[in-house]
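So that you can tell them apart, the chains are marked A, B, C and D in the order they are listed, and the count of residues begins at 1 in each.
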Amino acid sequence: MVKSNSFGRRVQFLAIFFSFVFLAVGSGPNSAQAADDSKFTVGVVTFLSGGAAGPFGVPSKNAADLVIETLNEGKMPAPYDSKGIAGMTIEAEVVDEAGGGTKQVGEYRNLVQRKNVDAVIGYISSGDCLAIAPVAEEMQALTIFFDCGTPRIFEENSYKYVFRTGLTATIDSVAAARYILDQKPDLKTVAGINQNYAWGHDSWNDFEASIKVLKPDVEVVTEQFPKIYAGQYGAEISALMLKDPEVIHSSFWGGDMEGLVLQGSARGLFEGRTGILTTGETAMFRLASEMPEGTVLGARGPFGVYAPSNDLNDWLRTEYTKRYDTPPTYPAYKMTQAILGLKSAVEKAAKGKEGKPSTEEIIAAFENLEFEAPSGTVRMSLGKGHQAIQEMVYGQFTNEGGKPGVKNVKRYPAECVNPPDGITSVEWIQKGLKQTECK
Amino acid sequence: MEYFRRTNSFFAAAFVLLLAVGLMAPNWFSYLTTISLAKALVVIGLVILLRAGLVSFGQGLYYCLGGYSVGIAGHYLQWTDGFLVLLIAMVVSGIVAAILGLLLCRYREIFFAMLTMAFSMILYGILVKSVGLGSTDGFNIHSVSFFGWEPGTDKLGLIVYFLACLAALIVAVLMHRYFHSPVGFAGEAIRENEIRVEYLGVSPNRIIFSKYILAAVLAGAGGGLTALASGHVDPEMAYWTTSGEFVFVALLSGTAHVAAVFIAAFLFEIIRTYAFDLAPYNWQMILGATLLLIIFFLPKGLWSIFTIRRAGGGVK
Amino acid sequence: MSVILKTKNLSKSFGAVTAAANINVEIHEREIVGVIGANGAGKTTFINMVTGYLKPSAGEIDFRNRNILGLSPRHITKIGISRSFQVPQLFSELTALENIVIAHRLMKANRLEVQAPLKTQSAVDAARGSLAEFGIADYAEAQVTALPQGTRKLLDIAMAMAGSPDLLLLDEPTSGVAMEEKFPLMDTVMEAVKRSRAACLFVEHDMEIVARYTDRVLAFYDGHIIADAPTEEALSNKEVREYVIGTELHREKEGKEERTYVESP
Amino acid sequence: MDTLLVILVDGIVYSSWLFLVAAGLTLVYGVMKILNMAHGSMYAIGAYSAASFVGWYFSADYVPWASYFFFIGCALAGGVIAGLLVERGVLRLMYGSDEVVMILVTYGVLLILEDVTKLIWGVDAYFAYQPYGLLGRTKVMGITFANYDLYLIGVSVTVGALMWYGLNRTRNGKMLRAVIHDREISMAMGINVTRTFIITFVLGSALGALAGGLTAPALSVVPGIGIEIIILAFAVVVIGGLGSVEGAAVGAILVGISRAIAVHTFPEIELFVIYGVMALVLSVRPRGLFVTATARKI
């Protein structure tokens, strides 16, 4: 088997192979650029393929494109009317979030080291956020999570280099429980249909626990956990109808949520039963004719239709709709929020200084920062100043007069739906949602 | 022994080269290499099965078990020694494979492939249901030590890289010997003609059983290393697409030589990283096209570039 | 000479078809036995039953006074019964040499090694010796797919003999081999058999070959043995002449009879 | 009792969908021995074709009921075109490879088609819900079902019956079965295997697209819907026995009913049902329900 000349050939082959590889690595596009003080590079990581691309990835990517372009032109409304970030032009390096935690850790390292980005904004999947956070810490790279929801990130650990400008998933569930009890004070039965993965489990557990704390006599009649992306919910809908709850909670998102609405509406699931769709806002325009009247819709924060009226929001709605032919949904808001948060922090750090502020300086400025966004004021006050809190809003869908909108909108102040710093969400719920100010 | 001397010195040279590269290369590159070495271990297991004519679409099962063993040992039991947890990963994978192998060793072809996949997906389902283990989000592995010494986070990457190189060297040497051993050839014999093997007094099922366990142990080691390197485990490791990726790499490498597997694994990571980079929207298309081109032009894998040349040289 | 193989009332039926009925055979040490009979007479079924590939419907098989009924082919191989195949069963993507080396190593080892090389110098030498014994040493490095049919037949038999069996069962060793090669092939095989001191039973359609090489003949007809006698006597038996030889194809036509029984999977 | 009946209806509705999804897969495997992963893409292409047509049709205010013919036609057309392209463009070059290699070939095709659909239709959701509600509802034991789903049972049975009839009772079908049985002999008998392969693959693709098209009205058509059904279809086909139409039907019913039982009684185990059933069936019948293992003749 081992021929006399094969050893030499192998070495030769390997030599060629490795030189090829090094060539590829070394001369690849975007290989290590020298630090440039006139540019601020941001890695943007979001889903561009798979089931999360349509509902989350692409709207957020679109928002990033729009916001970055407008900022570079200096055409954003105040207080963001200065060009770029602290005068530097913003450049984006877009990466697909597909592939799971291991893959994303590799891509993250690429971004930070090979592409030399100044900050990374991204991550929709909570699993990816959990995987990335320690790596960000290890590589000492400023990282902003814009969408992922798990409260575990800052509850299990404290991070210096990681920020999250989006809200946790706990808030959705706690506020949903408060809202439905505000609307139906003598609620007796609830049921849940949530996707069989961490997001679905957490959303349902938090919602169920909150309901139990707020009104212990509510009975859970069934909890369904179909597989994510299952698409067909016929049997689950039958099971829900058989148990006949007053309220059906679902944290389905994207295609799954839309499928549930379509199939549920066609079969009258929501007739006489109120649905709570914690991410339902993304579908309220395009499925306006199928969305049952009175369905409780969430937007994972004061985003989309729940965003307050201000210049930034007006700008985002007008410009986004103009460019992409559809109103911005909450992922677009959250991405905008992350970029604006970064801009605020960098500019605060750069104030009265020459050149690009260091990562350490940006972090110092970012901690406990308060900044304005289309969703109103954002306060980085949890997780030692790294986790944003905002008010949470719910309302009910209405299509009266053929114009989709929301009614009975109720806004819950941030303190009412967020745990105080230093206590985990689960504990906070179990201990009775105390230390809160709710009106 | 004389028989393996050349290949062994080749492996040793590659090992030294890798160590040197690790010291010089940037962090992202050594991470990529660590992951490709870890995945190469899994793929070598797959190649062992392929040489016996079997394709497992479920090596993710052991890759994931290995990862979770390391994670659970470190995170929940506070056993942090890198060598110890890797050993645990291999033992756990081996034990599970010994149980499932009893059933699987009777299956061939597509049925083997589908059944291995089913088992892998069952583990995926169990992990998704395990809220204590973080469900689909998985959990992080915080501390790793080596004989009581805890490298800081800044050094850990490099240490794991060295560990992966060492593991790769050991596996390469042992598996190269294995490929040329009677049991190694028995695999090829089974692929070619099971009836003859039976009539040579050897049980194909028993050989396949042993190979299945070996492949699982290697996959467990690969999963464990991946977990150490990425610091995170999640059930995605057991999802069928992960297993499909291993088959992809195995096909890229071909079954001719252990070294080909390492090259293929590395090449795969490079291709994928650059595909992500060059075409964030259409990287799947690049991967798919690469796959088709390999099957079409290199049906016997990468090593055939090399062997064809050798054969051609022989004629002249 | 003592009896090594003994079958008692061996029967096999596939549904309504009886492939073998009440086969009572004794084979002695170092005996060369020819088996004749038309296609479907039960010859291969008999070999398949003796080697454990088919489970008999009834009857007993003793090998060296040990009941081997129900043992798997590999057990039976281990205790000293080997066989060759009508269609050679080889490792077709490997070389002839590798085929023999594997056969030697698998047959002889009680435990297969996982780290020592298969192709040690001594194993390769032994294998080359074996190829030379069968006159196919020139093909050592050729891949099996490139071998001529006669060479494959010889290789198949060489592999069967790798374990130095006490009893060798050859299923149509000359089928598919060109007419002029049959005698040289059988000469080679029979020399090897004699040297190995194994008893040999072979299935053959060519009566000249049967007449030349065998001590004794078993004639099968419709699953039964209709004659079991020294060669000359058996070949002149009236029933045998009527039912077996009469239906056998003449030498000129044979060879085209070759038909693949391996189903495509 | 009520629950039992509802489980039965749910199970049958789901089974009929599963059968539609798996029918093309088992046909292609039966004739060509290709376990076609790109079947998922065909499903997606069918769904997209139907959905984009329905979206246009209903915005243009034509007679609603006529849409059924057209959107099903669109799905089929999408499948036929994609099937032809894949067979002529890729598979043709790979025939004769190992079965497992062919799986990987189709995996490559799947990856490419996944991005091709994204290039054609983008990543935004497409909806085709109008035909879903149009047919009204029926109450069974107090539970409302969409008539569309119930009619789908009929469609599924029809497709199955046509396939069975086509394979067993028509001349072309008998030729197909000859190819299934022995490719070389049928070639020797003058059957044009190349043409048979084209027709089979196109038929299989069209069936996959039909399944996607028929499902589209109940779905939000988004990237990735094709990938999700592959494993489901594989499981159904493997349970029934690869290449067997009857097997696919029984496999679909087995999985569909088991899943409905799980959803109604132990929703916790829904995720395992399909793999559990598959592992169980294969451990008892190693080649699936409708295929018996045969010993090789030597």
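As a convention for this text, contacts are C-beta pairs under 8 Å (C-beta built on N, C-alpha and C of every residue); 3 or more make two chains touch, one makes a residue touch a chain.
All values reported here derive from a predicted model rather than from experimental measurement.
Any chain touching chain A that also touches chain D appears here: B. Among the remaining chains, C is positioned farthest from chain A, on the basis of C-alpha centroids.
A comparison of C-alpha centroids places B closest to the centre of the full protein. Remark: chain B and chain D have CA centroids separated by 33 Å (rounded to whole angstrom). Taking each chain's centre as the mean of its C-alpha atoms, chain B lies 43 Å from chain C.
Between chain A and chain C the centroid-to-centroid distance comes to 73 Å (mean Cα coordinates, whole Å).
With centres defined as mean CA coordinates, chain B is found 34 Å away from chain A. Contact of a single residue of chain B with at least two other chains is seen at positions 3-4, 109, 128-129, 180, 195, 281, 284. Multi-chain contact residues of chain C (touching two or more other chains): 85, 89, 119, 265. Each of residues 1, 48-49, 196 in chain A touches at least two other chains.
Chain contact summary for the complex, chain A toward chain B: residues 1-3, 5-7, 9-11, 13-14, 17-18, 21, 24-25, 28-30, 32, 48-49, 94-96, 99-103, 105-107, 109-110, 112-114, 126-127, 130-131, 133-135, 137-139, 150, 152, 157, 196-199, 201-202, 205.
Only residues 51, 72-75, 77-78, 82-83, 85, 89-94, 98, 101-103, 105-107, 109, 112-120, 159-160, 162-163, 265 of chain C touch chain B when the two sit together in their complex. Those residues of chain B lying in contact with chain A across their complex are 3-4, 6-7, 9-10, 13-14, 17, 26-29, 31-32, 35, 128-129, 131, 134-140, 142, 153-154, 156-157, 180, 226, 230-234, 236-237, 239, 242, 259, 263, 266-267, 269-270, 272-274, 276-278, 280-281, 283-284, 305-306, 309-310, 313. Only residues 2-3, 6-7, 9-11, 13-14, 17, 114-115, 118, 123-125, 127, 129, 132-133, 137, 142-146, 148-149, 215, 217-225, 227-229, 259-260, 263-264, 267-268, 270-271 of chain D touch chain A when the two sit together in their complex. Taken in their complex, chain B has these residues touching chain D: 55, 103, 106-107, 109-111, 113-115, 117-119, 121-122, 125-126, 128-129, 195, 240, 244, 247-248, 251, 281-282, 284-285, 287-292, 295-296, 299.
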